[in-house]
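A, B, C and D are the chain letters, set down in written order, and residue numbers restart from 1 in every chain.
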Amino acid sequence: MQRIINDPTLVVEDMLKGFVKGHPDLIAPTDDPRVLKYKHAPVTGKVGIVTGGGSGHKPAFVGYIGRNMVDAVAVGEIFSSPSAQAFYNAFKAADSGNGVACLYGNYAGDNMNVKLARKMAEKDGIRVETVVANDDVPSAPSSERNKRRGVAGEVLMWKVGGAKAATGASLDEVISAAQKAIDNTRSVGVGLTPCTIPAVGKPNFTIEPGKMEMGIGHHGEPGVQVTDLKSANEIAEAMVSLILPDLPFESGDETVVLVSGLGATPVMELYILFNRVAELLDAKGISIYRPYVGNYFTSLEMMGATVTVMRLDDELKTLIDMEADSMGLTQFAGS
Amino acid sequence: MQRIINDPTLVVEDMLKGFVKGHPDLIAPTDDPRVLKYKHAPVTGKVGIVTGGGSGHKPAFVGYIGRNMVDAVAVGEIFSSPSAQAFYNAFKAADSGNGVACLYGNYAGDNMNVKLARKMAEKDGIRVETVVANDDVPSAPSSERNKRRGVAGEVLMWKVGGAKAATGASLDEVISAAQKAIDNTRSVGVGLTPCTIPAVGKPNFTIEPGKMEMGIGHHGEPGVQVTDLKSANEIAEAMVSLILPDLPFESGDETVVLVSGLGATPVMELYILFNRVAELLDAKGISIYRPYVGNYFTSLEMMGATVTVMRLDDELKTLIDMEADSMGLTQFAGS
Amino acid sequence: MDTLSANTGRQILLAVVSAIQENAAYLSELDGATGDGDHGVNMNKGFTSFRNKLGDAPVTVSDGLSTLGSTLLTEIGGAMGPLYGTLFMAMGSACENESSITREIFADMLTNALNEVQDLGGAAVGDKTLLDTLVPALEAYKAALANDLSFADALRQMTAAAEAGKESTREMVAKLGRASRLGERSRGHLDAGATSCYLILNALATAMIAELS
Amino acid sequence: MDTLSANTGRQILLAVVSAIQENAAYLSELDGATGDGDHGVNMNKGFTSFRNKLGDAPVTVSDGLSTLGSTLLTEIGGAMGPLYGTLFMAMGSACENESSITREIFADMLTNALNEVQDLGGAAVGDKTLLDTLVPALEAYKAALANDLSFADALRQMTAAAEAGKESTREMVAKLGRASRLGERSRGHLDAGATSCYLILNALATAMIAELS
């Protein structure tokens, strides 16, 4: 395990210390060491945006704290949901009296901890509504969409939800925009190597050299197929043909395409993959209104990538175009 | 070799296609397939900023094309200097008649190709001046600083040079600001795993598991010491103690600190490393005016990191604070 | 001879804590075979933190269980924090304000715990989780009460059923959580959560039997 | 019998191209032992591109060498593009406007090439680079002229010295480029660039001897 760490059981603590020091203009600590917030949160008059999840997915989740993005994040151990208490404290850190939109991914631990945290917040009179990302197509058939995991599509959900909240929208409006974002978003992942949780010290799943796993989850959850490693173009084709029919995306659709690395795949290769994805969408008459290519949602040092496509309407376009300032996503207005 | 590529001899071509498609608002192709430019280059009245180098270092080099950053980039094969022709074409793409600052790293191939390209440009009446980054401390003793390689400090050189050019400064002023930036910058790298050039198919150097190589170069050039893999804190201490005495940095100095991953090291670990670097500087009375932590200058899928420290004066502070919009570095004014 | 004084909380909770602490490495090893090998670490972290909070003071059974539950909820995330947190909170709240715990009250405690855990986690018997221990344990306990067995004997029946339930996970294919990645390959291994649940129920029962008056 | 017509460019340049194309795999293999294994790939790419440009048309020696040089400069980057590019451009420019090439003009061509390559690359004999071939080759050629050997014999002396120079790199420790990473371990392997330089000079000499008139 070739890692730059100290005590393997304290990687999250050490990382959070560095993260706070590394972003003095964006990030503030809170009384709960497992909750970070936007320096200016709670923002008066604004619905608070909260998310949270296990660590090891940088920039997710703390990297999306910022202006027009997420207000507070509950931080879990590596690949392990934050506690209910941490979610509850994040709600408190984000709430300016206008309620909190908790936008998170569909994992058993997160569902349970958010559920319990919501009950705690309700006792304080904090209104919390949730959107549960379930963009990962291969994780369940479309008839059981509520069982699907949330993956890199969460980034677009946060972007949309954060932008909507920044317009001064009500909690119901923020929730409905974020829900619309994720309802129109589909993702698929491909894994080329496993990853190792530092405290465990060895990979807890395997992908043999020369093989790839299509449909893999962000923690190594099983995919739909293990095959010989294919070319970037073939991988793009397999991914696109899992995503497009599911919504379905159709000719004339305008989309956001997000290609994210899983951690150790060189960014160069993400552009190679994106190049073919863009060609394939183009051939189907689907246009890319805004592309994102980079390491947006990773899995420690896994090799591989996720492809996410979101169908846009006018509201989503406006929200996606809004200026944003966070470690994981910084963009100027309309650029 | 677990890679998302097509023909291994065409990774650069495929990547460039994807990169142009991925950044329609920032990047434009040129007649030379190995030269990309800022969409608005040449910018009237502005000195052109050019760089170039081998591929495999994403975001370097094309990722720093953008507003207040680099105007045109010559793109080489993986780990191999671009041709003289490509540098020459980049000069032409960047020159608005105010001359070109070619800010690049100290490697034999780049030196030769830039030298030849300058001669070609001079025949066209394009004035090209150069700054050669040599921030990598372990690559030569300080008595032979002109032999040192350029590494992640190049990013700060581009930031400063790009910002200076954006103020409307003359070529001489841009060159002197960029030269000042690199003269006040020191870096060191540590490698934990080797990397594989796709067309070669196997790593062309080795780092045994459980070992690390301090002082390694961005292409696996030999470091100063191979030791057992140490803790993040010990690695930070070794790196800082190579960097600080070299300038030397002293109590009261204000600095930029840039911690960059080499590609496959999780960003989480970069923050763990940065945390200790910041503590060590703090203990010496050296303050961090602006930190950068992330994958700013990589080496394919090498594991490891570089630490770069730049000493600031008022001019450098102003330039570092300027707004910038590029794939590799996007920041709002003064934030 | 058939009730438990509410004041025995300290002894009983300490027994549960010890059971987890002593078996932490074993639980991680079990989890390592089919999961990510951290179950013992996670559990030990929460239970030890509770132990430190407890200090030297006496505590009622209800308060002890509630504090353990809230500690797990607060300090260990994942799925285990909320599940065991809820389990102990539910047990604690079902005997709140009782000065002594009868065998019927203990049935309510277990029932409440099972309901809340099922409600929260949505797992069912056969999914290869801690419910494969908890469900048969409660059934055996209720059957013992229906047969009018003594409190102690009912607890013994519960423990035996918990152990059998835990053992039954060995032949199951995991349907939830990390282990489900392995599909058929998860067969042949005890489930870590089912094992920790057995260890907890066994420690609880043994300590309670010793304290019955 | 002792000059080369300027119109033999096509035959001579094709011989050089073939030498590189036929030995591409071998050159990469040599580079693989101490470098990154791409020397043959790089060279083959540039020389083949030149071959395609050449088509079926005749060409003067000077134009052929200059076009080869500019092709390498334009299309292969790294250190080899500028070094071999400069080498061939320098050779070509030293015989520009000559209708026939004498043994003295060829001495100028080699001298010009060496000077420009050394000026550009800064390497010296003993650094384990192509200069370990080029420098002794030129020396032997000049010595042959001083001894008034025929053009053909001078070329033969040059080739023999180039080969010995190339062989001398086997026992050298690389001081420049990628191979320097290996330090002592670079000993025992031929330098790839020194080998390609020998192959080029050898092909050049053989073709020239056949065309002397």
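Following the convention adopted for this analysis, a residue touches a chain if its C-beta (ideal position, glycine included) is under 8 Å from a C-beta of that chain, and two chains touch if they have at least 3 such contacts.
Values in this document were obtained by computation on a predicted structure and should not be read as measured data.
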Starting at chain A, fewest touch steps before arriving at chain D: 2
Intersection of the contact lists for chain B and chain C: A
Of all other chains, the one whose Cα centre sits farthest from chain B: C
Whole-Å gap separating chain A and chain C, where each centre is the average of the chain's CA atoms: 34
Chain centre separation in whole Å, for chain D relative to chain C (CA means): 80
Chain A and chain B, separation of their C-alpha mean positions in angstrom: 29
For chain C, residues contacting two or more additional chains: none
Residue list for chain B, restricted to those that touch at least two other chains: none
Pairwise touch network: line, ring, star, complete, or other: line
Inter-chain touch pairs (all): A-B, A-C, B-D
List of chain D residues in touch with chain B within their complex: 32, 35-38, 41-42, 73-79, 81-83, 85-86, 120-122, 176-178, 180-181, 183
Complex contacts: residues of chain A adjacent to chain C: 9, 54, 76-77, 79-86, 108-109, 112-113, 115-116, 197, 199-200, 204-205, 219-222
In the complex with chain A, residue positions of chain B that touch it: 2-6, 11, 14-19, 21-26, 55-56, 58-59, 190, 192-193, 207, 209, 212, 229, 231-233, 235, 263-275, 278, 288, 291, 293-295, 298, 300-301, 303-305, 325, 327, 330-332, 335
